[in-house]
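In structure tokens below, several structures.
First chain A sits with chain B, and in the next complex the same chain sits with chain C.
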Partner chain A sequence: MSNSNQFAATFLQEAGEQLALIEEIILDVEQNPQDDESINRLFRVFHTIKGSGAMFGFDQVAGFTHHIENVLDKVRNHLVPISKELVNVILASKDQISRMLWGSDGRDVAQEDFRPQLIARLNALLPQGNASSQPVTATAAPEQAAPTAASAAPAAYRILFSPEPGILARGLDPASLIADLRALGPCVIVAKTDAVPPLDQLKPDQCALSWEVTLTSDCGMDAIRDVFIFVQDDSKIVVEALPPHEDSVGTSSAVAPVKASPDQIPAASTPSFSVVKGGKASPASGKSSAVHKNSSTDGSVRVPSERLDRLVNLLGELVINQSRLAQVASRLDTPELSAPTEDLERLVSEFRDIVLGIRMMPIGTTFSRFKRLVHDLSDELGKEIDLITEGAETELDKTVIDQLGDPLVHLIRNSIDHGISKPEERIEKGKPRHGTIRLSASHEGAHVAIRIEDDGKGIDKEAVRAKAIEKKLISPDAVLSDRELFNLIFLPGFSTAKAVTSVSGRGVGMDVVKRQIDALRGSVEVSSAPGQGTSITLTLPLTLAIIDGLLVEVNREQFIIPMAMVTENVELAANQRAGRNGRNLLVVRGEQIPYLRLREIFSITGSEQDVERVVIVNYCGNRVGLVVDRVLGSHQTVIQSLGRLYQTIEVASGATIMGDGRVALILDVPGLVHYTDTARLAA
Partner chain B sequence: MSVESIKETAQYITFKLGDELFAINVGQVREVLDLSLITKVPTAPSYMRGVVNVRGSAIPVVDLRLKFGLPRVKDSVQTRIIVLELELDGEGLVLGGLADSVHEVIELEPGQINEPPRIGMRWKTELIQGMGKRGEQFIIILDIAKVFSMDDLIKLEATQQSSVENNKPELAPAS
Partner chain C sequence: MSKKIMTADDSASMRQMIGFTLKEAGYDIVEAEHGKDALDKLTAGGADMLITDLNMPVMDGLELIRQVRALPQFKYIPIVMLTTESQGDKKQEGKNAGATGWIVKPFTPEQLVGVVKKVLH
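Let's look at the complex of A and B:
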């Protein structure tokens, strides 16, 4: 890959992030129109896309973005009000930019080009008399852009530009920056060569030149500063306003008030500023640059996710080998060996937490795309819906987050389409006009609970029942609890919507959701009250790779119970079992707890213990006891899939390799309970 | 895959289930292991023997005798796990097949391989790529990927005839 391709790829990657940011900000703006800072951020983001787009040869994108920038400029100066149309046209423009950058998935690009319409819509937003004077393109034809942009009187500026020596290696060309300056107005450019080393020491890939430019322009300080937006972090840039009618270059102390021009951020009225590497920027630029600075400045590093996956795989092997070593050490019982082994165990455990922590991402990254979904869909369906998100900072393994998007889209679509009624209907029912969907995430032990709640009409139990009978999923006289009834909606081919809409109702939604959540070893719970709304809770494991487990044994066969589910363990004597009268119930501190004997369920033979142990686990709010022979202790468990040959097995969710090389199964508690229930029903 | 698909001389690994000699193309065999401790997976069908640790990975083990409808026998010192690498529906699948004994790697030319006879076979002919001959001994060349992909993976692939035939003698050695 050539250098310029590489830079273009970086640009595309960053542009993707910027576009996502646009969506987030504009939807915030819609809700809080008073927030000037958001508009400023939005302006900056578009400006960054325009500037970097032009720099990497995406001139059409830059030209188009310029129109948006024009409108936003008026918005931030309160000349154009924030309206629904503004929000919609900006969202549509954002989509247009994505299409221009990434194409339209092999479809005819020309057909997808809505630029003329969008530009017309943008111009329509501008105050009268102003629209006609807008330049057609900005960076693509900079000569035109300069004179018309603002009405302030021309002023003189002195600009010192000393690029950092490595600027060329970053794919930036100082000459193009100088050319951009020239586009702003007439300038006198002096190249300074005093830092250029003798010929034998000259490195052709290092830039030793610096420039002093005297520019006369009416563009304002910000426009000049914007030219250097990509180099200001590393290069030394000084921009000063010269007093009027003074062309002398040497007056470094010159401070002259610049007439406020519309291009300026309202807060940035400081007449002179400088951005030096590591130096403090002015408050206004500090705030805004936080948005466009790339990740290198806040000390984070971009790493391909495959490398992280490999790291996690290696970690898994390390954990297995560490536990093998620990087992050998405990058998040999020599202090020389056990001391370093214990140290190793501590290190590996810390290492595990850190490596798994690297893959943790705040779930908020997926939340932001739902704002757009709710906005677009509620518009389309003529509904008024607010999306409230909570717990966006809750962290989850990246692989889980990646696979969570689709199920959440389905569920939110369902809430919008089936759950929340039109405003008129809602008012009739005495509810507020605006429907609310609450999307929240929170930690619950080693799980993350994601809840989608709406205040809509709730699930019609009778309709579900009738549909289930019609589809022969249940018999007409079946007695079902609410929970069982709601779980029917996750069966394939089930949909209660009377008409198929573009949104949902094809009956493919909920069973796909269930399958995807199952694949993540999670669970789905539905609760609903008629007229009050529906709440769907997804419970997901924090990570898919390694869990803490409790190692138990039944007649020399070892099993792992996920530690996150374990609450306590108690004894069960043989005589307690005998007196149960066919009911597997155990009384712990006054509470009756049903228990399952693994020995019976798994048909394990061999001598029975006089006193067995009951591991009490908490699952979906129920407490269930699992009866085993012995509890051996906690075990760091690297989860391996049992593979497709065992995909129908309910009672185990995976396997793990023990220190002695044996394979132990990881019990799937909900699956185990379900299996026992069905086995009992069949009997 | 039928006998016509065999166009080149290839190497096959031979193994025995009961008295029958079978062969699998070596391209599908990763390694042959001595029997190690197999962890049973409760509630699985009986021909799924469990999972075994092959250098840090848990690999499912299928009892080929039971998969082919032959009676269960006790594991012996001759019992081997043939680790197979198959491709099913575009997905890779690694699994162990339990064989009574593994013999040798042989080379067979296309001319040495015949169509499987249409009658008198105990197994569905689509599982069999062809019949090799080595001296007086017939070798059944298996399309092993098909053995694990036909119908439902969990289902016994042997024909009804053979399972009826084999259910009776099973009682004798087991008791």
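Let's look at the complex of A and C:
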């Protein structure tokens, strides 16, 4: 059918989500083998892949999944124990399914086909004599699809149908079955009422009637049996072919035969029922499965992410146009215009929050993949490591989440490889055998903080120092704070690993992490205590699309400072600037705050103001002043990224288009802080 | 007025396929993602027929069938369950719970419409 491609695409998307879920659940199962619900979920997920896979033409996937399902069925019935091998084979099977659905990055899929080995491993887990057979599903449909071709000539059949008394309570109307028979050919139908009880004993929901039908049709015996497919196990049904030329009028009835009118039934084609005949069903076995408590879905709509991106782009245009309008309105200063303009601004602002909210996704989707990473890597390195995740429900813009995966992988690999030692070494140091990596996310103002903490051996400060001197990054007599020292590891080419392992330590890790986080307008902070562990904090903005900014001006140039970082603004008189020996320090309520003059950073000429404004921004505990001519007010800022040529500029993270069409740079506060840090170090 | 069919399946691709097929065949479709969802929507808006998957989170298909059948207004509603060949005993369980019929996956759109026509008169 024409929509099969679309269905297959939906299936693939769904399968991707299901496979990710498998990984998450199986690793949970490994940690909490007593949790029956996890095994049930796992079974359900594979079952869905199998069922939907078979529906949309992925027969091989369905066939393979059948073997997994078979093992899991035994696991949930406690016939097969949860073991390391079970976890590993499920993970490997999950990878196999991925390869079957999406190929393996252009490599030869046939070479990557480990199905025979995996099926053997799966079957080895089963109790003796329980090896799974090939699924029957693949062959069942064709068997049904072919109508009985052998029955070309019309023949007469006698059909006795005595429904079980409870048939009505199953939603089946016997009359509809009789109607189905009529659709097959001319019928003579006789209702038998001898089992109908006296009126006072009559139960209206119990069917006491039975029927004898004589049907003339070329449909064949199977088509007649198909009519009764849903009732054949419980009701009494006899279908027999009558010898040719027998009088087809009913012969044994207390009631006058009801003759079907001849025009009622054209010789209808055999309705092709989809039902596959099951074997004799066994009597009701076991109890019903429990009501599942895990609620994972609620009323939600699936929307392609491109459509959301488009919506956000449009929102950006809307915000820009709204600010143009606001500018015109303030220039004309007519109440007829300013009132609706203000209303519009409020609406656009609310609209913005909602649209950006739609793109928010819980960060847990990224977290789940790390469980697999930790499992595989610690296995490979002979370490025992638990991953604890917290705050998986913390929401971040989808774009941020998408780009966060790689840096986090780097950091977690580092923790596993360099941070946490082998079990023997840990016991020697008096630590628990199992190392722990804690991955947590939480909201901090307009930012989200993601923390990766391990209880490993910590960063060796002396090694970092020695390395930095060796690489001529610092001079041998430099005095550095811990923070400055730790920040050295983010410099390109810096790596203290004594040997390069397959996992990390190629010296390309941390500077890449820093660059990627910077690209997200975030920051990285390291702290570490020898012997106790390392903690790395990534601070990320909630969104990359539109922010609240503070609009400032130097001469005629406008800049945006992200509002989330602004703490206050104060005056800076000309006489305060002088006489500080070139050290830009401002005293606010007894606190010395270094300041930067945007005029100098951006080489803006023109007359200086007598009294300038200092916007004080707070960033990771640092207060830094930014000196401007004027503060113009808050501004909804649509972030446009700078072109490739400007991406190396540290102090600006993007630009925005103002209402009058001018471009204002968005100041990168982390970059500016870094700039002052470097300037201070140099001083 | 066209008849309203409630379909309950946790698989979005299955819901899409069933929904599309039955809408093409002229039915109104209400979708539910699991048993509880279906039960809530059935009691709120009603339907002329229920098609349900068996393996679903929150509330599985068998429990859904039992609960729907227990409601007086749905005592006689046709209920068709979606099952796989490997679930032979589920078929009997489903019937005991009150299912009218079943469809074995994989099935074609034509087969689906055939079963719907069969039970929904």
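Following the convention adopted for this analysis, the second predicted complex is superposed on the first by the 460 of 683 C-alpha atoms of A that agree within 3 Å, B and C clash if a C-alpha of one lies under 4 Å from a C-alpha of the other, contacts with A are read in each partner's own complex, and residues count from 1 in each chain.
As a working rule, a contact is a pair of C-beta atoms (placed from the backbone, for glycine too) under 8 Å apart; a residue touches a chain by one contact, two chains touch by 3 or more.
Note that the structure is predicted; figures quoted are calculated from it, not measured.
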In the overlay, work out which of chain B or chain C sits against more residues of chain A. C
Could you look at A:601 and tell me whether it touches chain B, chain C, both or neither (first, second, both, neither)? first
Considering only the touch criterion stated at the top, classify A:361 as touching first (chain B), second (chain C), both, or neither. neither
Partner chain in contact with A:409 - chain B first, chain C second, else both or neither: neither
Between chain B and chain C, whom does A:10 touch in the aligned arrangement: first, second, both, or neither? second
With the two complexes superposed on chain A, say which partner A:650 touches: chain B (first), chain C (second), both, or neither. first
Name the contact category of A:325: first (chain B only), second (chain C only), both, or neither. neither
Of the residues on chain A, which ones does chain B touch that chain C also touches? none
Please name which positions on chain A make contact with chain B in the complex. 317, 320, 557, 601-604, 640, 642-646, 648-652, 655-657, 661-665, 675
Would you pull the chain B residues touching chain A in the complex into a rising list? 36-37, 39-44, 48, 50-53, 56-60, 62, 88, 91, 93-95, 148, 153-154
Listed in rising order, the residues of chain A that touch chain C in the complex are 1, 3, 6-7, 10-11, 13-14, 41, 43-44, 47-48, 50-52, 54-56, 62, 66, 69-70, 135-137, 140-141, 144-145, 168-173, 175-176, 179-180, 205, 229-230, 233-234, 271-276, 278-279, 281-285, 288-289, 291-297, 299, 302
Where on chain C is chain A touching in the complex? 10-14, 16-17, 20, 33-34, 36-37, 53, 55-60, 62-63, 66, 69, 75-79, 82, 84-86, 88-89, 91-93, 95-112, 114-115, 117-119, 121
